[in-house]
Amino acid sequence: MTHHMRDEITQTVKKIKSMEIRGAANIGRYAAAALKAYTINCDARSRDEFVRGLEEAGETLIDARPTAVSLPNAVKFVLRRVRDSDLSLEGLKELAVRSADAFIENSRQAVRTIGEIGAKRISDGDTIMTHCNSSVALSVIKTAFSQGKDIRVIASEARPRYQGRITVKQLAEAGVPVTLIVDSAVRSFMKDVDKVVVGADSIAANGAVINKIGTSQIALAAHEARVLFFVAAETYKFHPDTLVGELVEIEERDKKEVADPGEFSGVDIRNPAFDITPPEYVDLIITEKGVIPPQAAIMIIKEEFGWI
Amino acid sequence: MTHHMRDEITQTVKKIKSMEIRGAANIGRYAAAALKAYTINCDARSRDEFVRGLEEAGETLIDARPTAVSLPNAVKFVLRRVRDSDLSLEGLKELAVRSADAFIENSRQAVRTIGEIGAKRISDGDTIMTHCNSSVALSVIKTAFSQGKDIRVIASEARPRYQGRITVKQLAEAGVPVTLIVDSAVRSFMKDVDKVVVGADSIAANGAVINKIGTSQIALAAHEARVLFFVAAETYKFHPDTLVGELVEIEERDKKEVADPGEFSGVDIRNPAFDITPPEYVDLIITEKGVIPPQAAIMIIKEEFGWI
Amino acid sequence: MTHHMRDEITQTVKKIKSMEIRGAANIGRYAAAALKAYTINCDARSRDEFVRGLEEAGETLIDARPTAVSLPNAVKFVLRRVRDSDLSLEGLKELAVRSADAFIENSRQAVRTIGEIGAKRISDGDTIMTHCNSSVALSVIKTAFSQGKDIRVIASEARPRYQGRITVKQLAEAGVPVTLIVDSAVRSFMKDVDKVVVGADSIAANGAVINKIGTSQIALAAHEARVLFFVAAETYKFHPDTLVGELVEIEERDKKEVADPGEFSGVDIRNPAFDITPPEYVDLIITEKGVIPPQAAIMIIKEEFGWI
Amino acid sequence: MTHHMRDEITQTVKKIKSMEIRGAANIGRYAAAALKAYTINCDARSRDEFVRGLEEAGETLIDARPTAVSLPNAVKFVLRRVRDSDLSLEGLKELAVRSADAFIENSRQAVRTIGEIGAKRISDGDTIMTHCNSSVALSVIKTAFSQGKDIRVIASEARPRYQGRITVKQLAEAGVPVTLIVDSAVRSFMKDVDKVVVGADSIAANGAVINKIGTSQIALAAHEARVLFFVAAETYKFHPDTLVGELVEIEERDKKEVADPGEFSGVDIRNPAFDITPPEYVDLIITEKGVIPPQAAIMIIKEEFGWI
Amino acid sequence: MTHHMRDEITQTVKKIKSMEIRGAANIGRYAAAALKAYTINCDARSRDEFVRGLEEAGETLIDARPTAVSLPNAVKFVLRRVRDSDLSLEGLKELAVRSADAFIENSRQAVRTIGEIGAKRISDGDTIMTHCNSSVALSVIKTAFSQGKDIRVIASEARPRYQGRITVKQLAEAGVPVTLIVDSAVRSFMKDVDKVVVGADSIAANGAVINKIGTSQIALAAHEARVLFFVAAETYKFHPDTLVGELVEIEERDKKEVADPGEFSGVDIRNPAFDITPPEYVDLIITEKGVIPPQAAIMIIKEEFGWI
Amino acid sequence: MTHHMRDEITQTVKKIKSMEIRGAANIGRYAAAALKAYTINCDARSRDEFVRGLEEAGETLIDARPTAVSLPNAVKFVLRRVRDSDLSLEGLKELAVRSADAFIENSRQAVRTIGEIGAKRISDGDTIMTHCNSSVALSVIKTAFSQGKDIRVIASEARPRYQGRITVKQLAEAGVPVTLIVDSAVRSFMKDVDKVVVGADSIAANGAVINKIGTSQIALAAHEARVLFFVAAETYKFHPDTLVGELVEIEERDKKEVADPGEFSGVDIRNPAFDITPPEYVDLIITEKGVIPPQAAIMIIKEEFGWI
């Protein structure tokens, strides 16, 4: 990669790692945008050079965070089209740009569609719990609210990074009545909750949902209380490698996010950023293709990516 | 109450409310100590005046925090003895002092005895999860460790007041290998846990355990993973009023403990300080009289306080 | 038995069989009253003759309905006192009358006490489900309502005898907002219910509750939805014979209560009048001695009747 | 619509509403038959007029009962073929008639096929429970019986409309040993049951089964007792709109079906006619395409109606 | 101990270790008999010498097998009486003999009483599963059979020692219809079983049952199928040390019982002889004092041995 | 069939029945090999004669053991190709040979592929439990071990035929640390297990797994302990007839495998060789097409064999 390109990709990687760019959908879109910017600025002089550079850029992006599959799926979306084409260099570059734009636009449209589908499952009078800060989960909630449904939201703070605080601010700005609680209070408030709506970083072939640490605990409490647990997830959140047995890697982030290790000598601090919700605690996955039970995740993966 | 007495009681009440005095056992002992100090400084000129003043002092103390039954049980321990006596004023005052001392000493002995009993249930190689900062739960863990058992502890931070940080420091000082995690990570780490040991603020007639917010969530995750869940509780943590149907009041503390309301306009913040763990998630309650299943809490209450 | 006595006892037996006298508490009290009337009218000329007659009367009463243990317990309450006494004939008769009166008054007081204890477990805003027509369960509900708590009740109709219709009328007369549903709709409405309160015909040594057919199904649906399930039961509803392994007989009543067999040739019709709710679906039993978990039924039986 | 047509459609709508025409399969077939009759009597003078009239007729039919999806699916079956065709008016009318006939014949064949498939899952010596009066569930039972299998049936009465009484008469006429019980006795008899077989009004994308009120309670009791729970359902009972998040409307029928409101002043009476059985309580759905687990309902919907 | 005494005790220890003396009740009785024989042959010349020798003999016996608490409880039964007495040497020896005889007779009577109580819970037509070879469980089964109840038994073989083969022979001799299966087939046959009846080597303070390896697996399968699981256990099977937190030691026996290690080089062989059934899988414990739920084990322990 | 052919087929049938040829994959391959040998030795003089003979040979093979569907699937694999072809006699014979070879090679490749996919789900440090002696389950374990993962295996002995002993020898030879236990000890050791891996004789349309007796008990214990339960199964283990409702026949083998009936007069001995694990206890099925949840078995069956 040339200097300029390296900068573009490097900046995006850095922002993803520092969580300046956050949220699985967002990460996917920024990755696509980075490939677009890379392409535009690319001074490769041959098809091969361009493709190799783009592949390298893609790999660099994919390494930024291991858990959200939207990242490799966005990269593959662009790369597959470029690799499969026999266009000239210029044609390829246009295709790369168009593909990146298509991914971004598809992603935005998917968020809107899921918001509309999911809103049908939200009833007037519902109290909804959410966790962390998922744009697609909020799309469901806001769409229902904008339809005039009388709903309220309970959001857990999502230690250690407090993304729940972002969520309550966004909902309060939208006028949705919202309550902030600590993560430990989830089970205590579950008796007042009608439905849980969360997003996903990845969905495995067996319907397991990989999402922000704490999600599986909420799913368990919802299951115990027989509260419906909905996952809002675009189809590019489904993880093709899980079909061949791969496990989704759970990123473990800096201990400092939890507590200053300097103040806790002799104490180990652990900070896994995600957890795995087993399919038996998931009632529905809301995708832009329709609502499915978690056991049908394999259908989506097969249709989108094929068998082995 | 005279000025001096008022000061003594008021100081203790204030410290309990601000959580300078924390922990159900501690609160009970400080309440007894406050009654002792009150008695010593008391310038009442008749038996009746003394008893009325002591009762008033007791009620003031009881109002300091509603959830931990060690507080009213400590006060009743002293008052019952004084009320039932026909000694002279001086005799009564001596009795009050002796009773307060006895409560404190019984409490300390109970913590040691429970430590010894509970340690027998901790095996070499065990990983133990604990929550918040319970002296009697730590007594179990430290006793097991001091017996040379190779154990490690995982402690949740216990937002919003982070008492888990006190716990990990105390354990690290004692040399126990200990790991600090956020409350949301409890279920993720449960697969590595052999036993959970927590304390209790109150135990109800049906064996339900009232303890720091988050406890019931840990109990649920332990139950799901079939990890043993032990509650360490002196008999003065058993709540007599629950026998006649009273519910234990769950204290709701200042919103500021969770987040600064000024920064979150339009957002409700809720901060219940305790939750209720149902008996079906409790494997054993370790008391100074022996280990009992939660369904036998009624036996303890009947023996300590009688039927209606 | 002489003619007059026979009449008195026979009338009560007949009314119990036809369900003119209904409800376990009521059946117990009417049995006591019948023994009193028998005693008053009794022209026995010796202690022995009187006792033999009273025993015979007691056995006749006990045979009237097999499931409600209040019936034999009421008879035994009177007979035990008479048998244990060495009073003269007149003294014995007075004792029999006093004992019958005592049973009736104890029973009434127990219903009031249970109403007061149980009402503490009913919160403002609660929706309560009940089944059949239990005076002691209604005592809990009405006491809570009379304390100004804003509650509503959902009552199942209790086919085949529709005792639920009596319940809704009694509650409507008391001003309690009440909804009538068919028995099949219990699970559909459970999501709106906070607590279930029912009575009992018998409680076994293991805490199993024998009550009107349909009760165990409601308990199951409550358990599924994690709705609290309370049984209101005076201590004379606890069944001593279950301690020695006896099973409580489930009365099977006339097919005609279900449908006219004449219209359904070739069809068997079955009509068991009671069912058994296993202890794991019962959260609390509310007795006049206090609230207990079902596993403590054995404590009540041991205290009231002793070990074998 | 002209007068004659209006009559034809109106008569069918009226009979469906009054439950003279009952049962999801039947409702679908009568709707098809009504469209056929409408077509035959139709005096439209243009293609457009005919199609508009047919669509209007279809909408009128669909409004007759909201829960059974066989009704809109039957109407759509006919209308889709007519709309997709470019035949002349006469051709279109013939097509409408043929399509209506095809729906009716397919439906009849599906009921027979399901009977044959389902009968393979019924073993000699089985006791089968059923609820309400489902022709396709009875097809399974009768086919097994006609194969010489020694089976018996327990049928709940299905208050408030007592369709269970129709079921026991039909089975008794067919020679099948059958027992009638009240709905409250379902759990009591479950210990004697080997399999439950019921029909469905609608099946949702997640495999949830919408059927006569009481079905979900039976499913729960079967699940508790680990009794197999089979749903017999033709593919036109699968609900396409649930894929896009729509909830199936639960019809609430006249209070008078439960009790005469005049006699119960101050009492609310509720009468939902259907309930929802969650997929985790359904072992198999028997369709004319084969037996599927409930989680594969989405496969049927996708194949029959496609993704969004 | 003198040579003769040593022989007597040593012989019993040897037979217990080799399982020539088997079964928890039997082991307890033989231990008592050994103490009696020791006493009779004892040539101690002082009270102290006799008591010390008896204590030593008791300890030697207790070490023979660690899991069955009937062994230490039998020894303590005799020793406590001897220690608490101030009789002369001859008197003490007579007391020791009488105490040993009393233990043996109490034990025999307890087995008969439990047989009678337990038989009431066996119904005509029942199929009963049992495991290993428990005399008190067989007492329940044989008593029910001798009452003319039409029952059959399914017995698992109880690898590695095949005690199930002894059970089926004993039952066949008594005329009870009985089926032998491999231990792996337990769950497959559970659908035909109405009740499980097993014995116990020890019962812990929380109601957990320690019994032959495989018992907990049967309890789990019974729980899954909602088959009643009964434990027949005399009160001397309740383990007092578990009240103070002690765990019951699980004996691990010779690998050769499983397979010849010589033939399996490189393979570890493990042979724990007992397992622990958690109280939630036990419906009733049948003692000679009455039937109790497992949660009431603590009541028996408290009454028999007192609190700490 | 001519004499020679009959021999070839008969020998294979005999070896399958006596379990000289064991294991579902092996049985399938030997059946294919037998058809190949039959074809090579076949002296049929016409296409029809050959096909009829081959069909007869296939049926004979299929009857050898009823439970493993690999047997009919292997036969159908060859026969379908032959029947669908219009080649000449010689061409047909060549096709039969090629088809048999293809089945065998596909089967071997599937076992390797499943080993590679499944190994990805085995983590360093895992303890794996297996049952019986499944080549494809061992392929998963050995592949993981050969990748350098530090794993150990616990194998149950699999009475009555002790195939577990073969398994531990094979694993020990491969250097895998392995422990042998009796089948009754499965639940006791489950607390040390991370994953269970077993094979399958047949997989039904609802995802139920038919495998060696004892498998469902292990699955139940794994489910209780929340240990992952994996089934390794090639797609020819999926049972097409279950789609149309057929139940998989459970072979009951000779009583002598359990115990010598001669020694147990009056005792029935039962010996079912397989059991059925319900889909809710299966986490993943590992096929050569990818890993699927059990609910997606219907997808495999539909793709491999089509709807009815």
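For the reader, a short list of remarks on this structure follows.
Think of it as A, B, C, D, E and F in the order they're written, each chain with its own count starting at 1.
Throughout what follows, a contact is a pair of C-beta atoms (placed from the backbone, for glycine too) under 8 Å apart; a residue touches a chain by one contact, two chains touch by 3 or more.
Just so we're clear, the structure is a prediction, and the values are computed from it rather than from any experiment.
Common neighbours of chain A and chain F under the contact rule above are B, D. Chain A and chain E have centres, each the mean of its CA atoms, that are 58 Å apart. Separating the centre of chain B from that of chain F, both taken as means of CA atoms, is a distance of 58 Å. In chain D, 224, 295-296, 299 are the positions where the chain touches two or more neighbouring chains simultaneously.
Under the stated contact rule, the graph of chain-to-chain touches falls outside the line, ring, star and complete shapes. Of all possible chain pairs, the ones that touch are A-B, A-C, A-D, A-F, B-C, B-E, B-F, C-D, C-E, D-E, D-F, E-F.
On the side of chain E, the complex with chain C involves touching residues 113, 116-121, 123, 280, 283-284, 286, 288-293, 295-296, 299. Contacts from chain F toward chain D in the complex involve residues 205-207, 242-247, 279, 295-296, 298-299, 302, 307-308. Of all residues in chain E, those touching chain F in their complex are 156-160, 165, 168-169, 172-173, 177-189, 212-214, 216-217, 220-221, 224, 258-259, 264-272, 275.
The part of chain E that touches chain D in the complex is made up of residues 224-226.
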